[in-house]
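In the two complexes below, chain A is the common chain; its partner is chain B in one and chain C in the other.
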Partner chain A sequence: MARLDARDKQTIQKIEKLAESVLKSVTGGKNPFVEIPVRSLANVEFNTRRRLIELRDQKQKRYFFNVGMAKKFMQTFLVSDACRELIESKKTTSIRDLYYMTKHTLGETKQNTFEEQEESDPIIEDLEVAIDSLREELHLFATGRGSMVGPMTIRDSGDTIDLRRMGSGGWSVPSIVEEHVVELKKHEAKYVLLLEKDAVWKRFNEDKFWQREKCIIVTGQGQPPRGVRRLVQRLHSELGLPVYVLVDNDPWGFYIYSVLKQGSINLAYESMRMAVPKARFIGLSSFDKAKFELPSNVAIKMNEQDSSRAKQMLAYPWFKDARWQREIGEMLRSGEKYELEALSRRGISFITEEYLPRKLRERDWLE
Partner chain B sequence: MAAKVKGARDDAATEKVEKRRVVAQIELVMTGDARTTARPRRAASAAAEDPATDSEPVPVSAPVQAGAPASGPPKSPTRRATAEQMAQKQREISISEFFTKNRHLLGFDNPSKALLTTIKEAVDNSLDACEEAGILPEITVEVRDLAWESSLAGDLTKGEGRFVVVVEDNGPGIVKAQVPKIFGKLLYGSKFHRLKQSRGQQGIGISAAAMYGQLTTGSPIRVTSRTGKGKPAHLFEIQIDTRKNNPVVSRDDELAEWHQEHGTRVELEIVANWQQGQRFVNRYVEHTALANPHATLHYQRPRQEKLTFPRATSELPKEALEIKPHPHGVELGALMLMAAESKSHDVKGFLQTAYSRMSPAVADEILERAAFKGRVRPRNLAEDRALAEKLQKAIGDTKIMAPPTNCLSPIGDELMKKGLVSFLGVIETEAPEEEEQLDLDHAGKKKTSRKEKEAKAEAPEVPDASPEEGVEKIKGHNYFISTVTRPPKVYRGNPFQVEVGLAYGGSWPADKPIELFRFANRVPLLFQRGACGVTDAIVKTDWRNYLLSQPKGSLPVGPMALLVHIASVWVPFTSESKEAVAHYPEIIREIQLAAQECGRKLAGHIRKKQHADYQAQRRGIFELYIEEVAQALGKITGKSPQPIKREFMRVAEKVTEAEAEKIGGAEAEKVGGAEAERVSDADLEEQDKEPSAAPEEGKKPTRRRKRRSEAEGE
Partner chain C sequence: MARLDARDKQTIQKIEKLAESVLKSVTGGKNPFVEIPVRSLANVEFNTRRRLIELRDQKQKRYFFNVGMAKKFMQTFLVSDACRELIESKKTTSIRDLYYMTKHTLGETKQNTFEEQEESDPIIEDLEVAIDSLREELHLFATGRGSMVGPMTIRDSGDTIDLRRMGSGGWSVPSIVEEHVVELKKHEAKYVLLLEKDAVWKRFNEDKFWQREKCIIVTGQGQPPRGVRRLVQRLHSELGLPVYVLVDNDPWGFYIYSVLKQGSINLAYESMRMAVPKARFIGLSSFDKAKFELPSNVAIKMNEQDSSRAKQMLAYPWFKDARWQREIGEMLRSGEKYELEALSRRGISFITEEYLPRKLRERDWLE
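Entry: the complex of A and B
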């Protein structure tokens, strides 16, 4: 067996401890269980002081001798064993890989241990919270997504990368961006700009916005994956860069901002490492359409789902701020939503040359 | 006069006008009606003025101009024959002739149906005779393919061909003198004039079959009969004189020897379609065996092994008694007819002798209500409609006890059950149709194939069905059988009784509509299912209450056969071919009540079964997963998985059903929560709605609200 570092040893010990506890209860003739913190809205709270969504201490016992839980119990240990094997062989793999590693047919039935990846992914998250280990400590990563460029140099897995010379595609943000993988080096950036859409990011890159404005531009292509969120958080906390978020003017866009800012319910246990409570919402604001004289024909009518979603957001504790209430209220009032691309109506580079500079100049953002 | 008209008709076209006038005059003479005479005349004159429009209908304007009423045909049609001419053609129609033109009314629509009807009529007669005589019936049904037999090679006749149908019984036999009339004369029988539950009613069936054979093949019906030991057997060949509806005996031999001590053998050569008709015949024989558990049936088909349905009981059904009609069902004409036939001197005597439930007190009450003036004899009733009507009204207004119901002979709960068991025993081995369905079901979810089932039954760890009441194991298949016999009821003065039996499970296909077996007086009804009141009653019953699925307006779906039997002294069929029961609300109601009663028992069984399935499934799940868990735990902890597995199995056994149930119940809420876990960030909305997975559910809302208000405060 290869030599493991302290952190890996610790993770393996945790997995072993979990298994031992099950063996102990079975030998004692008891119904064995795994205790897993509940990852649902019921068990998260908004820490108003730290401005983070945090997991509370509510736990769920996953019993083996329970028809509804037996399969998940079994799956939990299949995943545990697979992770132990990964760590011991010093390999890191994707969660999709893990799904295939642990998938096999049960006995002589037509049942599989896992029918689809959607089944194995939450089990991995369960394991993470159950043994309080991060995904990367389990030697797993999710599919990477997201691009970044900016006046900055980094070291990624030992390679020095100049983010000023990444061409049109940018540096693709890996899934694991912890210090031992990505080191932040020299930079002259003044802030970080997170863009919801890849297409908009491309516009900013092509217009060399980052060069002109001395900023790092990054996109998560929709809801940013863990890698992007973690990296933005590091840029913020380690380099003290302010973070601006530019998303569509719709509930979904607002929610992307909200997740970056406070963390998500599902990954509440990682909020500490992921969330940027001071992230600023720069646009698109519901009031921008008037301010920037957007014609009404670029608006999209909100559907029922949008409206109910927006109404829900009104009730979230982290949107209780009066300015946010006004912002969401305006969207509901108008019944319209706007995409970032709608700004192109005013000119192809309107967004990089006029819109954003003006917003920043006027300090027209929400926190 | 007639000849003259004929002459006019033959005349050339140019003389039509003349002819028309002649015809019109004739009409005038004949009808002698002023209104009708006026019109043809005018029409004729109008036609004369304009010969071009002669053959055309007279314009509507003509009568209007003439000021005649606008109603009535604009022109009377050409008379074609006189009443005298027509009278020459009018003569009595023999019932036999009527039949030759209307065979479909009696079930001889086509060769495949004719095959079934022929067999059915003969078997019905045999069973009736045996029961009436008090003999346990043993009946042989044989179908022979003549073309195949003569070639002795090749395939059976495809489509239409000549077949011989033989039905033999061990009944009382028929006295020599009666044989020709019974088989060679339509509407001759013993059952028509009485009110008694029997299969046959009109005395038309077997002679109709004989007529059908004679019409299609020219061969006479052959009847062999013997009335008892020491008496000779007689062999007849009988033809029917279709014009006179009379038998013509073409052969009458006394047989020196016959293998039956007593009984009757009927042989008919007919044109039939075995290929298409056999499934009906198969079904008829099967179902007859089912509804007549006291009978043994032998069934010999071309090129197939003889099939025997042994009797399930050696107890004869209760003898059906003959009853007098109930006064409340009697119509006016019938009343007058009965009065005319009455031998009584007074109306009271007539009422008491002709009707059931007519006590002297009731008869007096009726007479008082009728308030006849003077002395009225039954004969007067027959002659005077007003009197009869008075009496009928009085009868209707008087409360009279329901008719006696002891005249009915239902199959009975127990025997119906026995019949179902023995029927299922035979069709489990037979019934190629069911085999096919089984294969289809192989892919189906609910149903396992026979092979799998047998494997299961053999496996020691899967126990046979618990000795649940009503569950019968037949050839390795478990059937739940439930039967209900309703108390007798009355419709239109006719007593009737409904019985329902069901067989659930076994190898019936689970994803098809149930099999509905309809019977009337123990005779299977095979056609016109959709038009039958029985089907209607079953369709209108809500089977979803009894845990079967049921598409709207259809039979329920499930692995079930449902038997519905109506016993009555007079079953209201919708037609003479006796294929469907009429929609009498009283009857439909009774069927539904019986079906519901059976259904309730069925629901109990299904629930038990679902529970047992669930338990077995649970054990299976645990066993399946233990293997995996033990392997994984073994690898993680570096221990051998075998001992771990044993420990788990030990606990699995310990976790008894009750315990596990308790755990399962307590954790049920959490399972829901576990589902919620899966939801990704994007689906927060869903999570909001999801009942949360919290053991401390009760406290939470207050806490959350508190936090929120805190957040607001900031």
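Entry: the complex of A and C
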């Protein structure tokens, strides 16, 4: 294991510690178990001090000598062993691949260790919380999605990459962006701008907004995938860069901002390393329509689902601030939403040349 | 217009020629019209000599003085004028953006030039066929998706990019990859390998397969988007590189191969510049399961839809070859499909170290 880096060694030690605790109870004549934090809504809370959605302390024990638990118990060790193997061979893979890797027929029976991937995915999440490691630390990746450019040099898997010279396509943000894969090097960036839409990111890249403004522009093409969220969090926490989020003016856009900021209920156990509580919502605000004189025919009527989503958001603890209540309230009052592309009605580069510079200049954002 | 490159000048000339022909008929006292090739199934055929799905010659005339056609006539010129403006200002944009750019209220009425994007998209396609220009030449892009690395240097929008040093993420293939954006420079590649799945592409990248084998690896994350198809076509036609396609063993995988190879019915007017009739299907073949000794529990039962899709394919003119009939027939006979990840059952790098090298060595592919 000498050739492994510190992080990988630590993850393997955590896996081994889990296995040892079980072994000990076997040799002590006890019913072996693993202890796993409960990942249900009842065990999730919004930590108002840290401003994060977090898991509470409730745990469940998974016993080996228990008809209902034995299979899951076995699966947990099958998955943890496969992850150990991955880490030791210095390889990474997808959760789909892991499902196939761990799918065996049990002995002479026709029973499989896993029937469907729906069985192995929650076991991975169990393992993540049980040993407090992100799945990326277990060498598992999700589908990559998202592009980034800006005044910064990085190292990705040993290659030095200058994000100032990435052409029109940009750098594909990988799914695993932990320090042992992606190192942040020299930069002159003053902030990070996360754009909901790929098409809008292209506008900002083509207009060289990032060069003029000295910022990093990144898109996750909709709800940002784990790699993009984790990288934005690293840029914020390690380099102290403020993060601005520019999304459509609709409940989905607000939700994208909300997940980036506080984390989500499903992945509450990861908020600590994924969320950016100080992320700033720079637009589109429901008040921008009037402020930037957009014609009324670019607005879209909200449907039932939009309205009920917006009403739910009014009740979120992290949107309790008066300015947020006013923002969401205005959307509901008008009954209208509109997209980033609507700004093009004022000119193709209106968004990069007038809209965003003015919003930044007037400090016109919400936190 | 002096600063525009040759391709852009030519596209503008085509747009102007379209406008002039209309003007001429107005001054000549005639009912002005534009002539647009028909894009329906009835006007599509498989050209057996060129091995491409192509449009036939049938055209329709769109008249200005015709109650049913006047709006579309006006829209055609609105869109072509917006594209001319884009080209002249050297900018590119999305078709969503173009919809907003061209959405006006007509005079004092409450009528809009376009109500929905569903109205403007077909007008773009009309314009493409009417003046025989790809939408990328009209400076319109689609969502970018897909990654590429390999022993090759390119220039993208003026930046020199070494695809040998792209780390784990790779280069994001942009939507517009025409020569004036992406130039192909020095390379040592012997072939192109198109992978259906992003997760599999990551395996090939992490194992540095492209370095060992001197090939370009590219993924479109499912059905490849226009940028990836066009770039693969350029690598094939300009550099003479053979193209291998590696997809899941299911009707969807076969379809991905089929579209890359012959083009599709919907976009028949673009086959000439998008399709690679000599693309080789390297796997997964229905016979690989036995050849590579995969355990039976990695196979997935085909459903009704799979079977009827496969039966349709048996009838495609480009799958009439006996070897293809045998291939698709075997899938139907077994009633089973399986994914690329199933190969991981034999080991995490089985696909890069044993499967593909053997397939290439034994020339075990279909054309």
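The rule is simple: the second predicted complex is superposed on the first by the 277 of 367 C-alpha atoms of A that agree within 3 Å, B and C clash if a C-alpha of one lies under 4 Å from a C-alpha of the other, contacts with A are read in each partner's own complex, and residues count from 1 in each chain.
The rule is short, and it goes like this: a residue touches a chain if its C-beta (ideal position, glycine included) is under 8 Å from a C-beta of that chain, and two chains touch if they have at least 3 such contacts.
Since we're looking at a predicted model, the values are computed, not measured.
K.L.:
Would you sort A:171 into first (chain B), second (chain C), both or neither based on which partner it touches?
P.N.:
second
K.L.:
Who does A:160 touch here: chain B (first), chain C (second), both, or neither?
P.N.:
second
K.L.:
Given the touch rule stated above, what does A:214 touch, chain B (first), chain C (second), both, or neither?
P.N.:
After superposition on chain A, A:214 lies in contact with neither partner.
K.L.:
Does the superposition put A:72 against chain B (first), chain C (second), both, or neither?
P.N.:
After superposition on chain A, A:72 lies in contact with chain B alone.
K.L.:
Once chain A of both complexes is superposed, is A:7 in touch with chain B (first), chain C (second), both, or neither?
P.N.:
The answer is neither, since A:7 touches no partner chain.
K.L.:
Based on the superposed arrangement, let me know which partner A:326 touches: chain B (first), chain C (second), both, or neither?
P.N.:
The answer is neither, since A:326 touches no partner chain.
K.L.:
Applying the touch criterion given at the start, work out whether A:273 contacts chain B, chain C, both or neither, answering first, second, both or neither.
P.N.:
neither
K.L.:
Using the superposition on A, tell me which residues of chain A are in contact with chain B and, in the other complex, with chain C.
P.N.:
none
K.L.:
Please output the residues of chain B touching chain A within their complex, sorted ascending.
P.N.:
That would be residues 618, 621-622, 624-625, 627-629, 631-633, 635-637, 639, 644, 647-648, 650-652, 654-655, 660, 663-664, 667-668, 670-671, 673-674, 676-682, 684-685, 687-688, 690, 692-696, 700, 704, 707-708, 710-712, 714 of chain B.
K.L.:
Which part of chain A faces chain B closely enough to touch in the complex?
P.N.:
15-16, 18-20, 22-23, 26-27, 29-32, 38-43, 45-46, 48, 58, 60-74, 77-78, 80-81, 84-85, 106-107, 109, 111, 113, 118, 121-122, 125-126, 223, 255, 259, 264-267, 308-309, 312, 315, 317-318, 320
K.L.:
Residues of chain C touching chain A in their complex?
P.N.:
Residue positions touching the partner: 86, 89, 91-94, 96-97, 99-101, 103, 105, 112, 141, 143-145, 147, 154-161, 165-176, 181-182, 198-199, 202-203, 206-207, 221, 295, 297-298, 339, 341-342, 344-345, 348-349.
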